[in-house]
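Right after this note come the structures.
What follows is subunit A paired twice: with subunit B in the first complex and subunit C in the second.
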Partner chain A sequence: MKKYQRAIALLMIALVALPVFAGGGKEAAATAAGTPDDPVTIDLWFGASMTEAGMIPEDWVGYDIIRNELGIDLKLTMLPSSESDQDVKVQAAGAGNALPDLFQVRRPVLVNLVNQGLVADVTDCFDKMPVRTAQQYDEASKQNTTIDGRIYGFASPGMIVRNEGLLVRKDWLDNLGLEVPTTTEEFLEVARAFTFDDPDGNGIDDTYGYGAFVETDANLKGYPGSRLWPIMGAFGVEGLWCFDAPNQGLNIYKPEFYDFMVFLKEMCDEGIIDPNWLSYKKDDFRAAWKQGRFGMMYEQNAAYAAEANYAPFDKNFPDGEWQIIDAITGPEGHAAIGAYDMNYRIYAVSQKAVDAGKLDKICELLEWMSGDEGYYLLGWGQEGVNYVLDENGIPVAGDLGDNAFTGSKGQVYTQLRNMVFYNSDVELTSRYPTYTCAVSGKEMSALKALREMQGMKWTNAIGSSTLPTPSADVQRFYDQSLAEFLSGAKELTPENWAAFIDQFNKIGGKVWNDEGVAQLEAEGLVRQ
Partner chain B sequence: MSRKQQHLKPQMQNRKVKLTAADHAFNVIVNIFMVVILIAIILPLWSTITLSFRPVDFLGSNLDGMFLPPWKWSTAAYESLLGNDGFLMAFINSFKILIGGVVCALFLTIPMAYVLSVQSLPGRKIINMIVIIPYVFNVGMIPAYLLVKDIGLINHLPAVFLPGAISTYNCIIMRQFFVGIPNELKESARIDGCTELQVLFRIVLPLSKAIVMTIGLYYGVSFWNDFFNAMLYLNDSYLNPLPILLRNILIGSGMNENLDVAAFANAPINAIKAASVFMSAIPMVIAYPFIQKYFTKGTLLGSVKG
Partner chain C sequence: MRKGKNGSSDAAVRLSDGTGERRHGRLYREVVRHRSVYLLVLLPLIYYIIFKYIPIWNAQIAFKNFRAVAGVSGSPWVGFDNFMEFFNSFYFWSLLRNTVMYSVGKLLISLPLSIILAIAIYECTRPVLRKVVQTLAYLPHFLSWVIMYGILLTLLAPGDGVFNDIVKMFGGTPVDFLSNTSTFPWVVLISDAWKEMGWSAIIFIAALMGIDVSLFEAAMVEGANSWQRVKYITLPAIAPVIVTVLILKLGTILDAGFNQIFMLYSPQVYGVADIIDTWVYRQGLLDFKFSLATAVGLFKGVFGMILVLFANWISRKVTDSSLF
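Presenting the complex of A and B:
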């Protein structure tokens, strides 16, 4: 028993003494020469292209190439998939002065880190990366990471913008002898005909004019969300914020927003919008159009036209055809498909890395990534292993099976592709290949759909993502009140609308609007 | 006379209790209520299970899917998950955290709770207060991160369970249980020459299986589900436990939904999500029935003695 006691006592002393060693070991000084034999270690926290697929394997050929050609020992850490989780992880590391050398970060967090002196000024780095700068960093991108006149991060283009559009069932229009709607009146006529005139000719009253679901956020898409944008655009209230003087501020304050609400409520009352739209989730909505439930909708290019997404519709309706149409014009002449903002993926360099003399190596690494070798390796993997080039020089999966960049084994080698992709033609052609539908034999291309959608009338709302967001209470009140008007729980009258705006102002809506307007004006985003 | 009736008064024996209309109505209401509760429990479970078996070519609402006949089910989601190296690795990491965490937590919590239960401990009230203060006023994320970083635990699995190895809440429950063990037993052991450690290991612990199992289960569930510490302290993706992968699947798949490329392309993404949720719950579902018999006893005894 005595031995037993001693062992436990020693263990407990060791546990109690742990904090004594809280100083940790000293970090190795960065004295590496930056050669293959003595490489500089660079810690990179990156946003993976597909976090759920897993980490880049340790046998990735890129590690050797980067070591041999650049003298860099690259240590990769995949950031969590959720942006809020990424923020927590980066901020915690910042607080512990444990930021990696190069890391992806969102702008609000970047501002905090810059204020704490933890992020390096990279204003002079762009000249060291001519290829990458030409591809990725234009003036708007540099502006996105500029704080007090200095640039504190490399902002690369994020997701593709203006990639959604208004679609109408052309086969239904043809069946009913209708033309593509161009105004709100024609839009209503078509919606009524699609609802009541049996456009699919099955003899059953099972179709609706328009289909949607509530897709909102607190920056760009206010309630009832982007799926109603083509209708909102006809009233000039697409997007959460208005950037045009003298109405700069929240769109909900514009009288046209009430007109839009009346229009939408009439659609609801007439039953020409799928009545499930207020409760649909994205998947329900997508299952519904593939089942031929409605004849007009607002959809994303790939969700509509990519092979796997279009296949069920093609199977159900081999003769069916969606047509992308331009924005409908409203009573005052407004027309817009929607509002768009630019988004960026920001990579920042820690001050610690600069102090350790790693900044030049980081620039070298980024420049190499954007050169031919890095671009293809990070974007698609190894030629012949993960991709092959087609006759047009576009990387394709070919017959590479699971090892292809689209396969379950190959895709992990492209986890860094977001660091090199900039929505070039090569990327988009590779991402959205033209294909032939299995049942109808039609030729489809999500890229063609994208180009068509991008060519429509869009409203510039660049800067929306940097504007203030409301408190949870204000947001809830805003969303719930509009939903009550649309569902009929609250009667939509000018008096009730005025009362709603009044109450909205009282609970914090006005403060939110005033802060937004002040920021719009301060950043020169108001259009005269 | 049945054994059930033996305890009744003679005049009550062999007499059927007549239920009034109000009694019947009450029983019906109670039964309906219980059925509703049962449905409320089973429905989401059934929805998740059927969703996980949904074939890739299924087209219909979730309600349709819930009534899809089993012969039309597809195991593609499970095959995709089990065939994914990342999933198996995450499962193993979660098991390591579970086992390491529970052993470590019980090893630290039991002596702590026992010490706090000893009435004659000098300064017992002050020590109790020192234990309770951090429970009420949490130290916060940044100091915890700094401590974990400075003791060199960043990027090591113990970082997930060591910071939470002693839960004040669990410690207090266990202390109350120990307090409830008759003092005479401990006293007689001491008179027979037992040291305090012997009293703990030879007298107290054998009588405390219920609370040890219960607290072990509490710890197990919390370590198994712990996402936050793993996200914060583990940088190497090969160390990621199941909750991290699960969250990546749930969020990442949503972001990549419009691509033809997907991590688990052979099954509908919702089926993958449901299958991953279901599979990550399996170990706890298996563990519960074995520990259930201790569960009520362990928690209730601790709650009424003080």
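Presenting the complex of A and C:
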């Protein structure tokens, strides 16, 4: 009987004590020698370079190399692909004081974690990584992770900037005898013709002038988002923030924002913008242009021109052709394709890792990644297995089939490439090779598309990502009100607009704007 | 005399002179005798202890300004500040209204439909048809809301959705069901009913299986038609189960279905779509306000418990049937 009671008691104690050990015991790493026989464990949460591909396999040669050369036992965890899911995962780990040693994080989350004392100050680490610092961390990058004068993360160049553009179906223009639009008036004419004049000649009323979806954030884009930027640019309100004196602050306060809203509302009312645009998610939008639903859009270079992405359009419309065009000019002479900020990928070190004495090993790991061995291994895999070098020294797939870095088996070995890539010419040439379309036989290149897009009129909004973000209520009010004006739930009149701005100010919009303006001025970001 | 596995016996118990000892002995024997049942209970019990009871300790951060480094115990107390932040939120009443609207709406639509479906399946005399209907009705439950969103967009998109194609065929004006504040709540309620109706019917089908068949036979002999059998036998027989389900559902009245709303909503329908959980997601989790999120969770839990106790009391008074 006593045995039985003791067993139950022990079981209950064990159950109650379980959570105490849930976060793991004290890290052994603090005492690890950091040799191949006694490696330091580094837990790394990374953003996958290809979210649709799988995790790096257990047999990846990199694990052995890192252990043997650096004395590091690398533990990898792939973060969720969606930014908000990433944020939740990282913040949940933060709340439990269980952040990994090194992890990718977005700036707003980084600020939260720094405020909680969970992230390490890495201001003094750059000297320990001379190669990587020269490649990736310039002053602007360091500024991006600077909070109260100290640097709390390694901000690497992320997605290529100015890599999106305004595109128009040239074959539709030709069919209807139209010219490329250069002004808002011409833009409307073309959009109407694409909607009502059967530009594809199939005899069915199934096309629209412009296609979009709501792609927004609280730093750079703002509602209704970047897919409308070429139109917003014509009114000088592209981007969430205006950096130009004397209008520095949120673009929504500018009278031209109202003019833009009226313009867009007219497009909605006339039915010349795909009516699904408010419901589309990104994939729906991309499926729609490949099905020939609209003749003008704002799209990213690789999403438009990379071989796998362009193939369905090429198959559906072998005679179809998209043309990248420059920004359209608005009534006051404004024109911009969009606003751009530096897209940094931030990796932060947890305070826990520093307390466990791992900071030097983390720096060593990052430096190795940017050296020749790490750069090619993480970027393209093993030479001869996942890539070969062409006559210009550019890694290419060659005849390696599925094992190539572009193949279904090989691509998983490059999931860490975003930790080493810095948008060099080698990377871009390798990533965006020129190819011949399977059906139409056209020659295409996402790199050529990128260079064209980058050459258009863009508005510099560097620093947007560091500006304050609104509370959830203010954000909701902003997004919801604009959406209701566009959907017609709220009538778009000057009086209603003024009432909206007034209410926006009252619930915290003005405070948000004032904080942003103060920061813009303090950091010297205002353009005179 | 039956011996326990470890050699203990009733005789041994009789030798001891304490009544408490005898009681423990009986308990021990009962546990050993029904050990398979206790083993079955063990896993859920462990689950509940680890994931439901131990975390209650952490609920104290609802009254604290939670600092991860300081931990649950070390974070400073702030009284009811987090609750006040929620109650004083600009959208509090809108959030509460939407949450209750969807919860009650789902209850009013899904529950009767589940009961009707269960009765229809039970009454169906063709086994093949019954199995096909049952399977088809269960199927949507296993689809995630991501998939459901894709299906709904295909059906309801204003440009080329199936419904709007029909509307246009008859000369009507397309409706953006997912972006229109008038239609969005109906999309939520009906899609939820479609997805969960079959699954929810299982408990009622199980209850129907327990009805004495002789009652139906007797009714048929007396000339009762199908409707009369349902009205006078089936519904009264499963009434306690309906009451139980209703009471349990009241406990989660402030859970309006985060996954569904999160997938379906967009800024143009925030006014009728934003619920407490989506607000907590944006305000609490994305902004690292875990204390606020916990305070809201605690509020929902307490509110739900009060409703359950109240409904249980009412049910006992009115129908003589209650959960506890």
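The rule is simple: the second predicted complex is superposed on the first by the 337 of 528 C-alpha atoms of A that agree within 3 Å, B and C clash if a C-alpha of one lies under 4 Å from a C-alpha of the other, contacts with A are read in each partner's own complex, and residues count from 1 in each chain.
We adopt the following convention: a contact is a pair of C-beta atoms (placed from the backbone, for glycine too) under 8 Å apart; a residue touches a chain by one contact, two chains touch by 3 or more.
The structure displayed is predicted, hence computed values, not measured ones.
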Pick one for A:472: touches subunit B only (first), subunit C only (second), both, or neither.
-> second
Look at A:408 in the shared chain and tell me whether it touches subunit B only, subunit C only, both, or neither; answer first, second, both or neither.
-> first
Looking at the overlay, does A:284 come into contact with subunit B only (first), subunit C only (second), both, or neither?
-> both
Name the contact category of A:88: first (subunit B only), second (subunit C only), both, or neither.
-> both
Between subunit B (first) and subunit C (second), which does A:96 come into contact with in this model arrangement: first, second, both, or neither?
-> both
Which partner does A:307 reach: the first (subunit B), the second (subunit C), both, or neither?
-> first
After lining up the shared chain so the two structures overlap, which partner does A:431 touch, if you call subunit B first and subunit C second: first, second, both or neither?
-> first
What is the contact status of A:489 with respect to subunit B (first) and subunit C (second): first, second, both, or neither?
-> second
In the overlay, answer first, second, both or neither for which of subunit B and subunit C A:78 touches.
-> first
Can you list the residues of subunit A that touch subunit B in one structure and subunit C in the other?
-> 1, 4-5, 15, 18-19, 88, 92, 95-96, 284
Note which residues of subunit C are touching subunit A in the complex, please.
-> 6, 8, 21, 24-25, 28, 31, 46, 49-50, 54, 66-69, 71, 89-91, 149, 153, 157-160, 174, 176, 178-181, 266-271, 274, 279, 282-283, 285-288, 290
Going by the contact rule at the top, pick out the subunit B residues touching subunit A in the complex.
-> 57, 59-62, 80, 83-86, 108, 111, 141-142, 145-147, 149-152, 154, 195, 197-198, 231-232, 235-238, 244-245, 247-249, 251-253, 255-265, 270
In the complex, the residues of subunit A that touch subunit C are 1, 3-5, 15-16, 18-19, 84, 87-88, 91-92, 94-97, 109, 112-113, 115-118, 206, 208, 214, 223, 274-276, 278-279, 281, 284, 293, 351, 471-473, 475-477, 479-480, 482-484, 486-487, 489, 507
Tell me, which parts of subunit A touch subunit B in their complex?
-> 1, 4-5, 8, 12, 15, 18-19, 21-25, 45, 48, 50-55, 77-78, 80-82, 85, 88-89, 92-93, 95-96, 98, 283-284, 287, 290-291, 300-303, 306-309, 312, 315-316, 405-406, 408, 411, 431
